[in-house]
Structure formats: C-alpha cells, structure tokens
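Same chain, two partners: chain A is paired with chain B first, then with chain C.
Up next, the complex of A and B:
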C-alpha cells in the first residue's frame, strides 16, 4: 500500500514538483518574514554588541539605546572613572535623526566620538580612515553604495554638512543605520554642552560587571548602570517586540496557504486515482492502511516542499542582501525548526480532506465505467 | 470557449473551492502586506496634518516631524509671532521615550502642546485638563491593559491617563501632555538635573490670518528668524512619507515579490493538475482539428475564471486579517482598500496568476491525439 502511495506520486513528477514548489514558496515567505525580523532585531543591537563594554551607564529611567534619549552630566563620567575597579570610561553622544545623503533622506543613528574614543567607533572599516578632524563622518559602506555618497562627498545632518572620510562594515540596516561623527559636531547639532548620552565602562580584570553596575547605580546619583548583557537584552527585546504581530499573522496565513496547497495536491491525486483506491478497498485492504497511505502522500509532498524551502533558506537567502543591500536577513536554526513543526501541522491538516474522501470512497466505484 | 471553461470549472466544485481558498490566501497576503505599507504612509502623513497648522516651523535644517530631533530657541516664538500675517505660533515639543512596564518596552512619541496640536480625537475619556493628565494612543492601552485613570510613568514621573486617542506613526504610539505636565516631568522626575539638552520647543504650529498669503509669510519668517525653517504641513508630511518609503520599501518589495511568485505557482499548479487530468480531452480536441492557440486561450479563460472566484475570497480574507491585526495591535493600520494599491495589487496578482497558467501549456502542446485510443 505504501509502495502504491509512493509510486502514484512519483508517476506525476510535474504535479509533485509544482505542489512542492508552491508549498516551498509559502514556507519561504514565512522564512523571509522571520529572517527580516530577526535580521533587523540583530542589527539593532549591532553597535552595542560590538562595542561591548562591561557596563553601560545612562540617564536614570532609560535602559536601552534603540530609539532612546539619554543625557548624563560629564562630571558623572569623571566620578565613575575614579571608582575602584573601573579601568576606563568612554563617553559617547547619541542621536536619532534623519540624514540627507545624495538625494536620499533616511533615518539614522549618529554616534558622537571624542578624539580619544576609538573603542566606541566603527569596529570594522571597509575603506578610509578614522575621524581626525571636525566635520568628518564615517558612514556604512552599504549606505555609500545605495546613495552614491562616497569618500570625500558631503552628507548633511540637520543643517550641518559632513565630509565622508571612512566607510564602515556591519553598521547598516533599514532600522538601524549607524554613523560616526566627532563629538563636538554632534554637541553643536544638539545644542548641548557638558553632557554625554551613554558612558561605556570597562572594568579592571577580575571585577564582576554586575557588582560594578550595582556600585555605580548606588554611588552615582540619577544614573542607570546595566551590565552589557542586560543592556543588550533590553535593546533586543524592544526591537523584537516591534512588528511581532504582523510576523505572527503572516506566518499563520502562509502556513494556511501551504496547508491548502497540500490539500489541493492530495485531493487532485485522490480524485485521479479514485478507481485504483476503490479497487484496493474492494480487494479488502482495510481503511486504516489506506488512511496512512494517503497521509504518507501528503507527508511526502510537504517534506519535499519543506526541503526546498530549507535549501533555499540556507543557500539562497544569505545572498539576497547582495541584490537588496538595504536588508539584513538572518535565518536561524530555531526558525527552521519552528518551520519544521509548522510543516508537520500543515501536512496533517492538508491530509484531512483527501483522507476523508478516501475513507468514504465506495468500493463499487471500481466497477463504474 | 467561455462555456467550455465554465463547464470545466463547474465539474468539480470542491476542487474549485480549494483553489479559490489557496489563490485567495495569496491575494490576501499581498493585500495585507501592501495595506500595511500604505497604512504606515497614511499614519506618517496624518500625524503631521492632524496638528492643524497653516505653516510649521522647524529647527533650521530639520525637514521631518518623525524620528528627528528638532530644537528651536524659545525666544524665536515671539520673533515668529511678530511677522505680519501670523496670529499665533503654537509650541509643540516632541519627547521620544521608551515606555516600560512589566519588562515590556515600547517606544512612545510624547507630544507636548499648549493650545493647538493636541490629540486629533478622543475615543474614550477626556482631553487634558491638568498637568498630570496624559492622553495615550489606544494601542498602548491595549498592549499594557491601561484603563482611564491609571498611572502612566514617563521616566519615573507619574501621569494619569485621562483619555485615549488614535494616533500612531512609524510603528510608534503617540501620547500627549501639556506644558505644565512637561515642566513637572522635567523638574520632579529623575531627569531634572540633566535636562539642559532636552528640547523645550521642537516645532511651532503657525496660525495665519485668513487673508495672509502663506508662501509670502513663510518667506518672511525665514528671513526674520534664522533659527527656523518654515514648511507647509503637506511638505513636512510628504518628507516623512518619503523617509518611510526608504525605510519600508525594500522590505515590503521583497515580501510582495515572494507572494507574487507563490500566486504564480498556485495557479500554475492548479492549471497543471487540471490539464494533466484532462489530457485526453485536449488530445481529442487536437484530433478534431482545434488549433493549439484555441486550447491556450481556453486554459487562460479557465485561469481567469478561477481568479474571478478567488478575488472576492481574497479580499474578504484580507479584510478579516486587517481587522484582526488592527484589533490585536491598534498601532498598525492596514489600508487594503486604498484604491491605487488595491487595484495595483489585484492587477499584479492576476498578471502573475496568468503567467502561472503558462506552466501546463507545454503538456498540451506535447499531447498526442493517439492517447485517446490508449486504455486508461
């Protein structure tokens, strides 16, 4: 019986492949949704994740970086720097704003760096150099590619023009493009003086980050000090909560779509082979065996589609950003495993209609002309 | 030919139902994605237009309302109001905050207003009457189960929710407080010592005399007050929409492209299965001398009929999904019935579906009339 199930599928390679492709693309859409969401969420924490101080210090009431606003007096940085167990304190200024690069206006995060604060700057450069003079900016290489704003070109932040002196890597995404400018220039844009946004605190060897964070929170008034891990967790949670509802809904509807394609394929197959099935029933093969055979068919079609989707996810999606550099796509093993579970549900739900038809099929159909 | 295609479609209603569901789901996916994109642009536009200004003054060099920091010197308000044709320059301050409750974080755009620029409508409760009142977007209320009169903490300062509004943009809910509230927030809360760099005046909503020439007044203000740029609300809204397009365009474009491919494959699969099961019929027609072109048109007409059945289902499903998303997360607006987007999506879906109908044509072209005489 199982051999029959397999053979009747294999005899229709065109239908099988078309169905599998339909299912695969429904799964691929689910993977794309998840990959975009994962990619953007990961990219949101790219800057803090790569800068990686032991402790982040910010204004009280603030506990993350993405879309946040924080200001801390400069004397607090000095006070923290003098605390035992603190190796160094690197202050940064930080601003969310719209930038103008070429003809493109886009949302970006701008980090203001003090002259001796290279540890808070870009962690990977693809061209150019670090900031040395006022009015300079380091932009993501992808932004340069997209807008045509290259080395030596001008870029505008608010009403101030900057000259591009370096191109950084790993600093671009739709939701989180990071630019670096001199501290003083960003201070001018913010009309601020004597304040920082975040303090990056490196601890001495052997000092526990959690203990140091607690100590800073206790000894420096009106600041919030978090370990790097806690800070990243907060930022990632904020990013991943945004758009979650859309992702869930789209996953559901694409899964339903895949189930419908499975059901359609299995139904077409059953309808085409109903005389054969009737003969099998007339020969005394029991219903449960026929039921499992029909289930096997839907399982195989779904598995075929799932495998195509996984191969696509692993070998094609990583190259999509070459065509659409604005996107950061991350396919995680977790999401593929989740998709596997979805595929199982799809296979079972897609089998409901055809198995129902098979079980109700009258053996007398075999003798109809 | 239409009759033949219609008969084929009627032959197996269950099969047609499955097809309509599958194709309808694809159409629904496309409509929801495009509706989501359109909803984002609509919200970006409305959030500026709802402020009801004749002109808007921004910090010099700032050309957007959302996702920017605009800081105008407070003295410039009097300078703007002294320009001929200006009745009033109503202050607006934008304070982006991250609202946190039970470890769930949401970026919220708090707009501080005086007499103009407050919530465009109150769907429940009342407008701000005292400094500690706050009006929040319904999505925040839903997400955090906030009731009227509940506390709402902004950087450790306690506000009381007096009303709910429906204003969100860029996936961010908005909240509204007045200047008494802002001063209390700055002075009484933890941030007071570090508030020197907080923008106390972000934008000015300029109210003009009825007879004033808008362009002329805008030029006069820019000439008189160097610290500001003056734009019309439509220009500012347009800038935000364009920024939104740069942000959403590539992502939505990619997802919609994948959805179109699925639609193409679904139709291809349906037509392929159908042609395979009726290969003998096609062979008979060929034997009777029907030209190949005629058979091709028959397949296309059938695909078209399938689409006609599927589109209402797709639209219905998309409407249900949109309603569900908007109910579950009111921060999103899914505008599937925006005429251009709606027609564009349906036409593109139909186009891709008809391309899918090409898939089985090779089978027909290769079908041998002799198979009619083969045993089944």
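Up next, the complex of A and C:
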C-alpha cells in the first residue's frame, strides 16, 4: 500500500517537484522572517554584547539599554571605582535620536566616549581611526555605504555637525545603528553635566560579577547594577517582545500558506487518482489505510519541501547580507527544528482536507470503464 | 452436493422512491458451486454490473441476503467488507484496472499485502502465477507497456493471489481482440475447472457461452436461467440486428432459404423487395 503511495507520487516527478517548491517557498519565508528577527534581535544587543563588562550600572528602575534613558551622577562612578573588587569603571553617555547622513534620516544610538576610555568604543574598525578631537564621529561602514557618507564627510546629530573619521563593523542593523562621538559633544547635545548614562564596571580577577553587582546596588543609592548576562537578557527580551508579534504573525501566515499548498497537493493527488483509489478500495483496502497512504504522500511532499527550504537556508540565506548589507540574518538550529515541527503540523493538516473525498469514493466505480 | 461458494437470496436494488423508484435488480436468487463458471448476460442497462457489485460486497442490496462461503455479507458492517473483498473475492475488470505506478509483479502482489501473515508464501504464489500466465518476461514492466491481453492476465493473477474461492469478472474480454479474448476465457475456464474456483462473469460476448456451465439472462433487473444451447445467432437481412435463430418466430422463405427478422416491419420490407436484401446480404 505504501509502495503504491510512494510510487504514485514518484511517477509524476514534475508535479511532485512543483508542489515541493511551493511548500519550500512558504517554508523559506518562515525561515527568512525568523532569520531577520533573530539577526535583528542579536544586533539589538550587539553593542553591550561586544563591550561585555562584568557589571552594568544604570539609573535605578532602568534595566536595559535598547530605547532606554539613564542618568547616573558622576560621583557615583567615583564611589564605585573605589569599592573593593572593582578593577575599572568606564562611564558612557548614551542617546537615542535621529541622525542625518547625506539625504538620509535615520534613528540611531549614539554613544559618547571619554577620551581616556579603555573600552566602550567600536570593537572592530573597517576604516579610519579612533576619536581624537571634538566634532568627530565613527559611523558603521554599512551606513556609510548606504548613505554615501564617507570618511571626512559631515553628518548631523540634532543641530550639531560631525565629521566622519572612522568606519566601524558590526554596528549596523535596521533596528540598532550605533555611532560613537566624543563625550563632551554628546554632553553638549544633551545639555547635561556631571552625569553619565551607564557605568561599565570590570571586576578584579577572582571577583564574582553577581556578588559585585549586588554589592554596588546595596552600597550606592538609586542605581541598578546588573551582571552582563542579566543586562543582555533584559535587552534581548525587550527586543524580542518588540518584533515577536510580527514574526509570529508572519510565521502563522507562511505556515497556513504551506498547509494550503500541501492540502492542494493532497487534494489534486486524490482527484487524479480517484479511479485507482476506487480500485484499491474494491480490492479490499480499507479507508484508514488509504488515509495513511495519503498522509505518507503529503508527508513526503512536505519533507521534500522542507529539505529544499533547509538547504536554501543553510547555503543561500547566509549570503543575502552581501547583497543587502542592511540585513542581519541568523539561521539557528532552533529555528530549523521549529520549522520541522511546523512542517509536521502542515503535513498532517494538509492530509486531512482530501479525507472526505477518500471516504466518499464508491469502490463500485472501479467497474466503470 | 457441496455447499455453494456464493449464494444470493431474493436480492434487489432500488434507487429513488415513490414514482421515481427504479428497480435496478429485482428479486434475484442464484447459487454457484466450486468449479462452476457462470455467465450473467443481458442487454446494456439490465443491471448486470449492479448485481456483480452487490455480489462482490461493493454495493449493499436494498433487500435480500448474500452469503459467501456461508458468511452473510449483507449483515456485516461497512468496515468489515474490505476484508471480505480482500480475502474471499477476486475481481477482474473490463478496463483491467491495474495500478499504473506498480510493476506487473507489484500489481499481482498488491492484494497480498492486505494479509501480511502470508506475504512470504504470496511471493512464491506470485511466481507460480507469473509462470502459469506466461508473464515471466514482463515481471518488471509497468502496465502502460503491456498489451491488452497481458494486462488482463496480470489482473487475473492479481485476482488469484490471495486464493479467494470466488472470482467476479466484469466483461473480462470487453477490451480485447477476439484471439486474446479467447485466451483469457480459457484461463478463466481452467481456473474454474482445474482449481475449483467459482467464477461469475458478466459479459455481452456470445463466444464465451461455449465454456460456461450455466448462463443466466438478466433483463429489466430480473434473472432467468438459460441454457447455452438454446440459441443460434443470425442477422436480420433488413436492419442487420442480431436475432436468435432458434427462438425467432418471424421468418420468411425465399429461394429455398429461410430468413429471420427482428420484427414484422422488417419482414414486410423484405417481402416487398427480397432481391434487394438478399443481394445486400451477399
């Protein structure tokens, strides 16, 4: 019976492949949207993830960086720096605002760096140099490419112009573009003085980050100190929350699309094979066996589509950012496993549609010439 | 006397109700013994296929009982019938009805998969049937590459693979040329005679009558016994319609020959100008 199911399917490789490609297309969309979401989510935390201090200190009530605002008095940085177990404190100023590069306006995260900052700056440069003078800015290389704003060109943040002196890598995404400017310049923009946004605290060797964070929270008033892992977790959760609904909706739409293609394939297979199904019913095959055979067929078509989609995901999607640099795509094993589960549900639900056709098919029609 | 393999008692099949009620099969009773080859003949639309469908458990009768090897299949639940068809009945169809994606051997073995306990012996039996029906060289061929005769031989082997004692054949020679049809008939004749199968065959083909043990005539849903020796076919010289020489009562003599007609109207035409029809007939 299953041999018949398989061979009937394989006998029409053209329609089998067409159906599999349709399903693969829907699955590729699922993978693609998930990869975009994964990539953007990762990119949202790219700055803290790469800077990676042991402890992040921020204003009490703030627990993340993405889209957040925090102010910490400068004397608190001094107090923390003098605490036992603290190796180094690096303050930064931080602003979310619109920038103007060439004719392009876009939202960006601007980090103000002290001249002597040992860390907190760009972790990878593709061109140019670090900040040395007021009015300078380091922008992502992708932003430079997209807007045509190169080295030496001007870029505006609020009402202040900056000159591009360096291009950084890994700092661009459509959700989170990071620019670096001198601390003083950002202070001017914010009209602030004597405050920082975040303190990046490095612990002495052998000091537990969690213990240090608790100690800072307890001893310094109105600050929130979190280990790097907790801080990242909060930022990632917020980013996920922001994009999750859209991604879930797209995944559902694409899964329904795939299920409809599978159902249509199963339906047309049953319609094409009506006479043969009547024959096998006449020969004594019961409805459940025919249903299992139909299930096997939809399972195989779905598997075929799934394999095409996975091959595409593994060998094509990673190269998409080369053509579209503003995209950060991450295909994770988890999302492929998740797609496997979706494929299983799609195959089963797709096989259900022609069930009534199979059940209603009269075996006596086998006698019709 | 051995017990019948198939016994149908007062079976009827009605469609519709009230004024639109149609009796496709009306109060038919029959029995068939092991080794017997029974023909069911009759004009188109007489209910032959409906009767065969009911005998094969493909269609529920409106009234009456059908027993196969003593089991009343009309009282069985719908879900139990596929098993009866798989194990107790072999079907042979006019259109051969082979499964297009399967090879000759796979087609033959298809019903055997429904009784997994006998799969090993089924393979041996398939080999025997392939030899017996002269299909060795076509074992791995797909149905689309087979001739009509080969297809029907594969269908016969498929019907026999589970060793059912009852074979139901619907116009098995209908799509075959006369020589191939004759071969197929002889195979069916042999499986009844030599192997004790009960064969019920629906056909229009008068050539088959010679090998039948019993011929039943179905007309307007009613079945009548009819001996094969009781007719001799000839053609009406006027309209060309086939008429039974031994049953005909509309006849005319001309030039020392007897001519038989389907109706008085044809006879009258003939008598007006016999030369025209005799010449045409020549």
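Throughout what follows, the second predicted complex is superposed on the first by the 364 of 369 C-alpha atoms of A that agree within 3 Å, B and C clash if a C-alpha of one lies under 4 Å from a C-alpha of the other, contacts with A are read in each partner's own complex, and residues count from 1 in each chain.
Following the convention adopted for this analysis, contacts are C-beta pairs under 8 Å (C-beta built on N, C-alpha and C of every residue); 3 or more make two chains touch, one makes a residue touch a chain.
Just so it is clear, the model here is predicted, and its values are computed rather than measured.
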| item | value |
| --- | --- |
| Chain C versus chain B on the shared chain A, clash or fit after superposition | fit |
| Partner chain(s) touched by A:324 [first = chain B, second = chain C, both, neither] | first |
| Contacts of A:106 with chain B and chain C, given as first, second, both or neither | first |
| Which superposed partner A:36 touches (first chain B, second chain C, both, neither) | first |
| Partner chain(s) touched by A:174 [first = chain B, second = chain C, both, neither] | first |
| Angular separation of chain B and chain C about chain A, which is computed from CA centres of the superposed model and rounded to the nearest 10 ° | 90 |
| Touching partner for A:263 - first (chain B), second (chain C), both, neither | first |
| Chain B versus chain C as contact partner of A:314, first or second or both or neither | neither |
| Superposed model, chain A: greater residue contact from chain B or chain C | B |
| Touching partner for A:282 - first (chain B), second (chain C), both, neither | second |
| Closest approach of chain C to chain B (Cα atoms, Å) | 8 |
| Complex contact set, residues of chain C against chain A | 49, 52-53, 56, 58-59, 79, 82-87, 89, 91, 93-95, 97, 99-102, 106, 110-111, 113-114, 158, 170-171, 174-175 |
| Interfacial residue positions of chain A with respect to chain C in the complex | 1, 3-4, 7-8, 10-11, 275-276, 279-286, 362-364, 366-369 |
| List of chain A residues in touch with chain B within their complex | 12, 14-15, 18-19, 21-22, 25-26, 28-29, 32-33, 36, 59-64, 66-69, 71-73, 95-98, 100, 104-107, 156, 158-160, 174-175, 190-195, 221-222, 234, 237-238, 241-243, 245-246, 249-250, 253-254, 256-257, 260-261, 263-265, 267-268, 271-272, 320, 324, 326-327, 353 |
| Touch list for chain B against partner chain A, complex | 12, 14-15, 18-19, 21-22, 25-26, 28-29, 32-33, 36, 59-64, 67-69, 71, 95-98, 100, 103-107, 155-156, 171-172, 189-191, 193-198, 239, 242-243, 246-248, 250-251, 253-255, 258-259, 261-262, 265-266, 268-270, 272-273, 276-277, 317, 321, 324-325, 328-329, 332, 359, 363 |
